[in-house]
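Two complexes follow with chain A in common, the first pairing it with chain B and the second with chain C.
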Partner chain A sequence: MTGTKKKAISLMLTAVMSLSLFTACSGGGNGGSGNSGNNGGSGTPANTPAAADAANEQAGIDTSKKVELQFYMLGNAPKDLPKIQEQINKMALEDLNATVKFNYTTWTDWDQKYKLLLSTGQAVDLIFTADWTQYQQYAKKGAFLALDDLLPKAAPELQAFVPQEMWDAVRIDGSIYTVPATYKEYVTGGFVWREDLREKYDLPVPVDIPTFEAYLEGIKQHEPKLQPLAIGAAVDAALQDSYLDIKRRAVGPMQYGVFASYDEPGEPVSYWGSPEHLEDLKTYKSWADKGYFSKNELNETESSQDKLVNGTAAAMLNDNPVRYNQTSSRMKSLHPDWELGYTPYGLTNGYATPVHPIHNGFAIPKSSRNAERALAFYEKLVTDKRYNLLTQYGALGVNYTVEDGYYKMLGDANSNGFPREGMNGWAWRNPEFMLFEPSYEGVQKIFDELDKIQKPDIYTGFAEDYTEYQAERAALEQVEKQYLFPLMAGQVADVEAGLKTFMDKARQAGLDKVQEAYKKQWLAYLTEKGIQ
Partner chain B sequence: MKKQGILHELYTNRILFLMLLPTLLYFFINNYLPMIGIYYGFVQFDFNTSLFNMEFVGFKNFEFLWKSGKLMELTLNTVGYNLAFIVLGNVLSITVAVLLSEVKGRWFKKISQSILFLPYFVSFVILSVIVFNLFNYEQGVLNTVLQQLGFEPVDVYSKPKLWIFFIIIFYLWKNFGYSMVIYLASITGISEDYYEAAKIDGANSFQRAWHITVPMLKNTFVILLLFALGSIMKGQFDLFYQMVGNNGLLYSTTDILDTYVYRSLRVTFDMGMATAAGVYQSLFGFTLIIVVNAVIRKINKEYALF
Partner chain C sequence: MKIKEDSSTIWFRLIAYAVVITGSILCLLPFLLIVSASLTSNESILTEGYSIIPADFSWEGYRIIFQVPGEVLQAYGVTIFVTVTGTALGLLLMTMAGYVLQRKDFKYRNYFSFFIYFTTLFGGGLVPYYMLITNYLKFTDTMYALIWPSLMTPFLIILMRSFINSAVPDEVIESSKIDGANDFVIYYRIVLPLAVPGLATIGLFLALHYWNDWFSSALFISDVTKYQLQFYLYNIINTSAFLTNIGAGAGVTLSEGVPSESMKMAMAIVVTGPILLLYPFIQRYFVKGLTVGAVKG
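So, the complex of A and B:
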């Protein structure tokens, strides 16, 4: 009977579809957990049957058993990574009787993946660390292995290669948890603007806030279609931290509205709710009202650099010299007649802090089963020219050549499977082997200028321990997003009332307790390091 | 009949139980075993030791949920939006399904069905881009049109009340095609005999739809309803996160538990607190489904899930 058949089919269809609806619901619930980014170089490493006894006996470590090291880096893997990995593994198998698998997290939700890698107990042997991946907090909480005893045994050469003061600078509670990068650079902020437009309309060179405002005003008048200033959704970092840096000489991007200046780090004050805070928020509001940035900056998804390159914005805050240089060359390749200008805040402030050793490093997580071999391999990566060049620039003759001492990419950015520093190997850069593009001269010039006024970075070595106030911290985070972000984006009509609401809510969430504990830890840190 | 022990039952139907075993194992391994992790919600997370050796801290991890005083607002928002989604979604998809089933033109029917179904495959990320390009103040479609017509531009992104409607509208736009197809499938399964009988009795097509089709869909509706209620605390993370994102101005009406928890733990990744939030959500959803199921059971035993 066709009736029953039809009915049966329809029932089945209904059942299957509702079931998939159900599973889809339950699966989609937890936003992007799992997936701990196993999407790096595909393909198994070359398991050549090299005999174990062929392996060189490394100084003091046992290499009798063949192991595979899990190496984790942030960002996207270059296309040619499997080939590079194969070549590295050939050498590593011979030198250390080990192979390595290079894993990349991609930039999507990297912070989630990073946290999962460390807290789920997954076997990871080497992982990137930086101040912006919360190295200090993780080290303090015991996520990494202390390297003090391991270094002389597994990587004596590396231990000698990295200067002692750098080892000391990365110490957290007295122990070394990461291998710092030794290349000296500046990742401090600066104004970025369109030099060609500035010249065309005879506007002042932005060196501080008043000149920057004059520039923005000029752009607004002469180029009404162009957004004068690009900020993006992260108004806290891209606007406020940067503004505090240049306007109030902040020691660093401190948390929870605590502020200390570089000149007087020992006197942290509460910035949130203060007259200075109100004044700054009013400035942001006036910028928004004058149309210097979009009313919908909080929902912006395009990066400020892209907006500069595309010609939809005319300035941005807070880029470092290297990134400015990248933006500039990207812009020139599309619009050869445009020019980008740059003023490092350091020149105005009178001091610049070279990158802190914590800014780039590699650590061995607690979950590693081959700590010794991992460290020995990392030593090779940094100090062995073959390993280093291969992982920084790709294969010579395939991905790059050297011309007059300069790095030259073969093909273009799209066809080349391994661009310069394609593995994001910032942490294992070795200044002795480094190759630069000719355009890097500009960056080097800025660095040389900053070298003349360099002062040490006080802030980055600070490791906050938020265990005692983590509930308040999480609650505060929410209040900040809901009430302070709109204020910073200039979207609250009555700034004074808005600030008051924010402060009330923040106090309710436990601001005072958090600030007090934070200040105490900060002062203790300063005393420990002998600053003040 | 003599009462038999469970062992006897297992023995007599051993083949059937054997066939059930893989399913039971599957659920045990994938759905029950991981529940051990709930314990993370009650300990202070520590990298140095295993789960059961960590320090027990009671409900300390749950504190952050109410510290900001938003728990009530979040729960209400979450439940409110989901109720709106469920009610409006079902009404809309049943109506359209009934109407479509009455349509005789084969081509028209197929095409409109596909058109309604297609948005289901649009990713939320793309939806957020579409929404931003519609409403953005400086270059959005809406404001460009308004200005062309001589009106003042509207800053949609600073009006939280409006977003209640936008979120519901975009949810419906994206999802109702799917449940509509489910209803359409059940409608196909209704025997033609009923309709013929009704026709002979002189019922017009509206009466036939109201008195035959709609009651016959009740079963499907109840099942979909229970499934939907089970995940009522889960919200539609992607939808809210993508459409609202970082814009704190809109949180008073658009913040749901999922987005709140995500934001809290994005910065502080603490296993304990993340688990606590998950436990709260699951318990609430569990209670809700038990209650609703009990109510349905009372009304009509056959429709209850269990």
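So, the complex of A and C:
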């Protein structure tokens, strides 16, 4: 046993230890990189055979065995959830001989978690669906149970409550996979701007791009410290989709540079690389050059709404009426003398589309072991006033009170254990029971106006199936991030050359194949739904 | 009498001090920035940005946190519990594994070592891991999900094995056997005391891992009272990031209060502060543990 050997060992250990100190922080990244690698591969949900098939034979639903339902919703659980769950369970046990466990995914890696919940065969009985959680794709891949036969048996009341055209609208490949929400709202975009500043400097009301530009120019001149327009890092959605919506009446945020207008949905064209695309990119570039938005926009982490509220920006594109109203009342509470203005694109475009039934819903995954009971419970949640009020607004007298027909929160958002719609119950809103805060009047007024010009949403019902071009799709996404984003953010000096580079790279990545397949699917969808 | 130092030693010292001082300043500055931001009013952060000295002093961030401190304290409790039990259990299991794997009279030791080593090279990936924990072990929403997966970390087992291998000569084990000690007595009376520096290293590794872990909570825990501290923090940031990034078309409105900048910073201080204060006192023991084997020749 030599001393030097021991010394060498402990020296090495010290080195390893200090190394571990430096790398400790990146340790968490391990898990992160591991899962991102999995993103592509684990996309196909397991096709577990429907367990409910056997039970389907009997008439009515069998509640002789006590079950616990696993209910999954996105977001964070409200603090008082255990108390609410207890009360719900007391009723559910009596009505359906079932208890329910409300699970929340939180907003950390929620899309990853959502995928895992649906693809690993975990016992999940009810799960939230929306267009932005890729309901259409998941339904197409067979992640959910078809509800057509189950509905009349397990939830006849719910079946009657939701209008037939809504049931038809959520059909994917002919079957119903989700229970749509019946509350009618508009989440269409609009210009948001500082009304007090507009009045002060006598600027035009932004209703279209030229008036909006005039407003931005005025702000730039009179309030040099203010950033005229807040966009944020997601320039594709916050700038381009919004711009296409108001300027070119896009049918919806179509993928891969395919464009179709609302008036002629049957004629999809390639927008990327077209003269129109060049023209629009040049407009963005001119906005950036004039300093309407920051050079650093692609790295922005603060939300545009926060920037408006705190007086660092003077306008934003693309916000929906509800969020505008929220921003406005937040601003009023901090700066009572400021005012916010809003023009929905619909008023300029001449049509507005209320949310598609797919927008909010609940589905039963294939892996559910208690499909009937789950559906019966969901019926209670929507149509039974006791369940509905409890899960939307919390306990009466503890979390909220009703004053002159309006909802009133007790305490404030930090101390109240269950704020309004604290369970993120967007999908089981029942218009008959809904309670609003007085500030909702502003939203209702906008909705009423949009109601007059409403037209159906054509785009959201479309279920893209990207299995045949999955690789190209991923490559294209990369190219878009690398070459198109800087163009949209006005960071490329020579727009024409930049666009050409982008198009070359996109073609190499397989743009033509993807676009062709996408257009074909889109046209097939239009034919199937009888839209032309 | 003073020993005269030659100039090269002095130069070496000067350079060393300079490097260490710049290093510490670089480490301290971001932290100071957080402290100052946590004491600045939110509005001034948003309009004027961060500064080393608070532009508009305010306790607002801390006031909001301590209005309802329950969740933070709970998360603290969970992380401390997981770290302590996880490290203790993990050390026990991994030293035992390491000890057995290095015993020359264990015929299949290379075989088993290879099995363990193999998993570090070829993992099943996230989906099988998730299925194992949720569908088979049914650890969802329990502390097991937080502690169990890291109890036997292949890398640490191998480290422990080589450490025992070199720190404890075979002859010692052999002679203890002759003296009538059984395998378990050899393990805890002979091998463990000799392997203290290794224990300290692996213990630190494990403890750090448990303390910094958030991913297990993210995957398996939906009960707020079982969130780990790091996840609790991370989730707050993710919630506001989600709200920033989700398009208007999603029509998502969250009713929960979204933390302000100063509140986020105050939260970071509340969460890291106690550990920072504790660390200098614990560090002594780590260093001691490391040098135990080194001093005696």
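The rule is simple: the second predicted complex is superposed on the first by the 473 of 532 C-alpha atoms of A that agree within 3 Å, B and C clash if a C-alpha of one lies under 4 Å from a C-alpha of the other, contacts with A are read in each partner's own complex, and residues count from 1 in each chain.
Throughout what follows, a contact is a pair of C-beta atoms (placed from the backbone, for glycine too) under 8 Å apart; a residue touches a chain by one contact, two chains touch by 3 or more.
Quick caveat, the model's predicted, so the values are computed rather than measured.
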item	value
Which superposed partner A:S119 touches (first chain B, second chain C, both, neither)	both
First, second, both or neither for A:G189, with chain B first and chain C second	second
Partner chain(s) touched by A:T301 [first = chain B, second = chain C, both, neither]	both
Chain B versus chain C as contact partner of A:P456, first or second or both or neither	neither
Partner chain(s) touched by A:T108 [first = chain B, second = chain C, both, neither]	second
First (chain B), second (chain C), both or neither touched by A:L334	second
Partner chain(s) touched by A:A234 [first = chain B, second = chain C, both, neither]	both
Between chain B and chain C, more extensive residue contact with chain A	C
First (chain B), second (chain C), both or neither touched by A:Q491	first
Contact residues of chain A, present in both the chain B and the chain C interface	3, 6-7, 9-11, 13-14, 17, 21, 25, 28, 31, 119, 233-234, 301
Residues on chain C engaged by chain A in the complex (per definition of touch)	43, 46-47, 64, 67-68, 71, 123, 125-127, 130-131, 134-135, 140-141, 159, 163, 166-167, 169, 197-198, 201, 204-205, 208-209, 212-215, 218-219, 222, 224, 230-231, 234-235, 238-257, 286, 290-291, 293-294, 296-297
Chain A - residues contacting chain C, complex	1, 3, 5-7, 9-11, 13-14, 16-17, 20-21, 24-25, 27-28, 31-32, 34-35, 37-38, 41-42, 75-79, 81, 103-110, 113, 116, 119-122, 130-132, 185, 187-189, 232-234, 237-238, 241, 253, 301-303, 306-307, 310-312, 318-320, 322-323, 326, 334, 355, 359-360, 412-415, 419-422, 424, 426
Residue ranges of chain A in contact with chain B within the complex	3, 6-7, 9-11, 13-14, 17-18, 21-22, 25-26, 28-31, 111-112, 115, 118-119, 141-143, 227, 233-234, 294-296, 298-299, 301, 366, 466-467, 470-479, 481-486, 491-492, 505, 508-510
Parts of chain B lying in touch with chain A, wherever the complex brings them together	44-48, 60-61, 63-64, 67-70, 128-129, 132, 135-138, 155, 157-158, 178-179, 181-182, 185-186, 188-189, 191-193, 220, 223-224, 227-228, 230-231, 234-238, 241, 245-249, 251-252, 255, 258, 260, 262-271, 273, 278
